[in-house]
Amino acid sequence: MENWRFKPRAKRVSASRLKRESRLCQPGFLLFLLLLVALAFFPSCRTGRRGHSLVVAGSTSIQPFADKWAEVFMEKKPGEIVDVQGGGSSAGIQAVRTGAAHIGMSSRELKGDEKELYQIEVARDGLAIIVHPSNPLDNITIEQVRGIFQGDITSWETLNGQKKAITVVVREEGSGTRGAFQELVMGKSRITKKAIVQDSNGTVREIVSRDPNSIGFISLGLVNESVKTLALNGVKPTEEAILKKEYKLVRPFLFLTKEAPTGLAKEFIDFILSEEIQELVHKEGLIPVRRSSRPEGSL
Amino acid sequence: MGGQLRLQPRTEQKLVQLFMYLMTSIAVLVLVFILVVILRNGLPQLSLEFLTHNPADMGREGGILSTIVATIFLTFIALLVATPLGVGTAIYLTEYTVESRVTRIIRFGAECLAGIPSIIFGLFGFILFVNKLRFGWSILSGGLTLAFMVLPTIIRTSEEAIKAVPSAYRLVSFSLGSTRWQTVTRVVLPSAIPGIVTGVILSIGRSIGETAAVIFTAGSALRMPNSLFSSSRTMSVHFYILAKEGVSMPKAYGTAAVLVISILVINIVTYYLMEKYIKRKS
Amino acid sequence: MTKLEKNDRLVKLSLLVIALSAISVLAIITVFIFEQGTPIMFRYGLKSFLLGQDWYPSEKSFGLLPMIVGSLMVTLGALLIGVPLGLASAIFLTEFSHRRLTRILKPVIELLAGIPSVVYGFIGLMFLVPFIRNNFGGPGLSVLAASLILGIMILPTVISIAIDSIRAVPDSYREGSIALGATRWQTVRMVVLPAARSGIIAGIILGMGRAIGETMAVIMVAGNAADIPGSILAPVRTLTSNIALEMAYASGEHREALFATGVILFVIIMILNTIANVTSTRQRKK
Amino acid sequence: MKQRGILVRDFSHYYGQTRSLNRINLDIYRNEILGIIGPAKSGKSTFLACLNRLNDLIPGSRVEGKILVDDQDIYGPEVDVVALRRKLGMVFATPVPLPLTIYENIVFGVRLLGNNNRRELDQVVEDSLEKAGLWTEVKDRLHTSALKLSGGQQQRLCIARVLALKPQYIMLDEPTSGLDPISTMKIEDSLRSLKKDYTIILVTNNTKQAARIADRTAFFMMGELVEIDETPVVFTRPSDKRTEAYLEGKFG
């Protein structure tokens, strides 16, 4: 009752109980103003219009390569900015249709009304079936792969004699790599629910490289010495085999634009199709599409 | 309570004490183990070059400068937005209103906001800032998303700091002829500043360490941000990608060490501030 | 006078606007998540979302039950690990250890609360997962790994809140109990813990919220198989990781389904919040 | 010739449903020291708060009747509350220096008006501290924290802080309740000397203090004004039995 009185023994007033009154209105929104001003002066706003940079978005399978291409491109053309984003093939297609991105990247063939987009194939990629380096298995049939990934074959026993459960590692729903795998290998069958799911090729490779009983699929371009690729129906996933169409698990790397590319987009695409970059593409394990300057059979 | 009281020794007591001792050791050791692993593997990676060079070759080479810059910008935007909003809300709740349905709603809202997982903030920021407002994956989208995420922390700590200001100060200020706003700006806020700063610093720590909300709003483009609208990869996102995809373990450890050290420094500063604050008040 | 009142009202109004806009964030988030997530739930039926066991978005099959069960299992696991460890540590540090030790350890533990979750996930991936795979079998990426990592992650939260609420118990309680001939442990068990109970529960709920909402660390160690795990060594996917794994690449109904995942997560969190709120109110009333 | 400064007419005050002051009628003359005594919770402090409307800060506070300060109804619609509080300076029971320097404590109220002229401020500080009898003690450390002063010094600082407002009335709510006899004496001395320039209203639960320095004394009990008269009269020939009983220490 009398607790507002300030006496040694008196309780403190709860702060919220003091109210009313005020005279000088030092602007209460001063804080807001400050904020606006600060935002306006944000150091880099002057260069900041998004229109100046080229937004490339889509397939995470293409992204690491596109990142590198962009890096080289920006080095060559200082001042130009290429923004490479992941998001996945479907998102990339979506982004270019809505205008959120200038160039979409898709690692699967377009379907339905997506086909109205302008598409440029910049490279081709094989899908490699990978296992742990210690796995004695070298060859596998496409039926076995399907059996493993749909969960019918759960032990290595029939494959390499080891009585070990198979750890199946796949990409997540929506990813281009999984889409390609589904289409090229699984057909109508479902990938098993028990499969471990990872959201990038790099992660799948990491998991497989650490687990001796695992099997997975990744972009051929991202295979390194930490994992072992399996021959499919007796065919090793090499560039030669792919070019000869002997190795079946191949998908295109597509760059998509709404209209025929112009301006910076065209410059960037032309740059990627240039000999220099196609060389780089090759070095990174992809299959170049532009082969004119390369003599036949030099692979 | 020092545990110094002499008791008759009892087996139960002894056993329990042993058990507790073990559990505590496990807990502390595990936590310290994490710290040691990161620092032991990460510190050798640190060099001036690591801190002042941009990542190259997807992070396999070079340093982490651009991710540091991106982290700083993102955090800066987050605080620029969240601090005035949070402190303003706290002032309103403590100084300008009495307990009512409105304040209860605001408080409950702040509490709920505090409990929302960061992935939900990420989803929301992605839809609102990246898509609807067309900021794209950018520093701005990421910063605003983080601002919303740390807002409850700032509200709560500011409110506590303001409440801790002795009400006698307010009474004196009013009796000397202050308006309420004068009381707030001249008496209450200056006294509450250490507490408010503590909240802000804690928020900095949270912003730096956040991954889930940032990856969907600021994107993961690996280059130096040069505008509010450039997509950028923060340190924690960089670390996440390096570590998970096995790009480069040494660089991953190096990044983690920078991340952990900056957060430790921030927390230690906060802790020190709070200690000082408590001491001054008592 | 009128001017004075006007200014007064202006300040108050602008502060109210600030406060409301801060809180409207919650409303906006709720609206956006629900707007994006609920239509698809009603289109396919709530039941098929909550009880469906098959998550094949490309085939329009959106069963979230594995993720709901996964989230609950992992959170429960985290509590089973984090709570006993955390409580024991808190009791030890407040009631049994030397004061100086507590003074060093409490800040250290609190500092560790600030370590980013990706770091915990990374440590889990590097050390825990191989350990589980080599010693217990299975892929290592498992319910067990996720629970352990989350349990460790919530330790600092549980410990520091428990310490605070145990410390808040007046010393006179302890003295009274000891004066009656109780041992220190009896005092703790029969006097201190009951008195600190609601604070401890609030801390546990907070830790639980952190565990159920954690995303990146879980993605790294849980294996993310969209299947109800048959054992603690099987991989598991939580609601949060379902969103984070697939969000970036999803479009159309798939994306909507991920927002629906967000809605379910949101509802679970809100229920937890309300419980926490009620508990802490009850504590205040005491 | 005594001039009336404050007139209280049929004044009642409520906290919610509870009545804390019941139909008070009294006059306060210019340049007098009015002592207000009475047992705890008798309404003395509430009465002070009503005079400068600090009671506004309490939700559920409500008044009836009138208080005129210099012929102005302070509960009227046109009242500038801020100006009123400057006119009736208030000193609280516990010394509350703001966490500022001595100097800044004194000029706090002056700065509120936007006056930042260094010379004027210096003058105000010196004058106020002089009047409060603190100048010589603190003049060399004006820019050190006020929190470092002793309790008695802090209370005189609070008085000086009020004086800096150039008020006409000074209200003190048990200003010496926490102080030692020597500090108390110093404060009483300064009050006596302040009398010629100010009207002083002194609430005290120390009846001897009222007897020592008050010109007139009012006795409050349970929210009622029991009696008010010249101090010697109240102390020697109280007209009400309750006053007598209180002064004899039968309750309190």
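Points worth noting:
Should a chain be cited, it is by its letter among A, B, C and D, assigned in written order, with residues numbered from 1 in that chain.
Just so we're on the same page, a contact is a pair of C-beta atoms (placed from the backbone, for glycine too) under 8 Å apart; a residue touches a chain by one contact, two chains touch by 3 or more.
All values derive from a computational prediction rather than experimental measurement.
With respect to chain D, maximal separation of chain centres occurs for A (centres as means of Cα atoms). Should one ask which of B-D and A-B has more C-beta pairs in contact, the pair is A-B. Here the chain at the heart of the shown protein, by mean C-alpha position, is B.
Centres computed as Cα averages put chain B at a distance of 48 Å from chain D. With each centre defined as the average position of its C-alpha atoms, the distance from chain A to chain B rounds to 29 Å.
Separating the centre of chain C from that of chain D, both taken as means of CA atoms, is a distance of 55 Å.
Centre to centre, using the average C-alpha position, chain B and chain C are separated by 17 Å.
Residue positions 84, 88, 93, 96-98, 166, 168, 171, 174, 179-182, 244 of chain B each touch two or more of the other chains.
Residue positions 4, 7-8, 11-12, 15, 18, 244, 248 of chain C each touch two or more of the other chains. Counting partner chains per residue, chain D shows two or more touched chains at residues 54, 57, 59, 82, 92, 94, 96.
Interface residues of chain B facing chain A in the complex, by the touch rule stated above, are 56-58, 77, 80-81, 84, 87-88, 93-99, 103, 131, 134, 136-138, 162-163, 165-168, 170-171, 174, 179-183, 185, 219-223, 225-231, 241, 244-247. Of all the residues in chain C, the ones that touch chain A in their complex are 4, 6-8, 10-15, 18, 54-59, 66, 129-130, 133, 137-141, 219, 223-227, 234-235, 237, 244-246, 248-252, 254.
Interface of chain C with chain B (complex): residues 4, 7-8, 11-12, 15-16, 18-23, 25-29, 32-33, 36, 84-86, 88-89, 91-99, 105, 107-112, 114-123, 125-127, 152, 155-156, 159, 171, 174, 178, 183-186, 209, 212-216, 220, 240, 243-244, 247-248, 258-259, 262, 265-266, 269-270, 272-273, 276-277. Those residues of chain B that touch chain C in the shared complex are 1-3, 5, 7-8, 10, 12-13, 16-17, 19-21, 23-24, 26-28, 30-35, 37-38, 84-86, 88-89, 91-93, 96-97, 105-106, 108-113, 115-124, 126-128, 148, 151, 155, 179-181, 205-206, 208-212, 215-216, 236, 239-240, 243-244, 252, 256, 259-260, 263-264, 266-268, 271. By the touch criterion given at the top, residues 52, 54, 57, 59, 82-83, 85-86, 89-90, 92, 94, 96, 98-99, 108-109, 111-112, 158, 161-162, 165 of chain D touch chain B in their complex.
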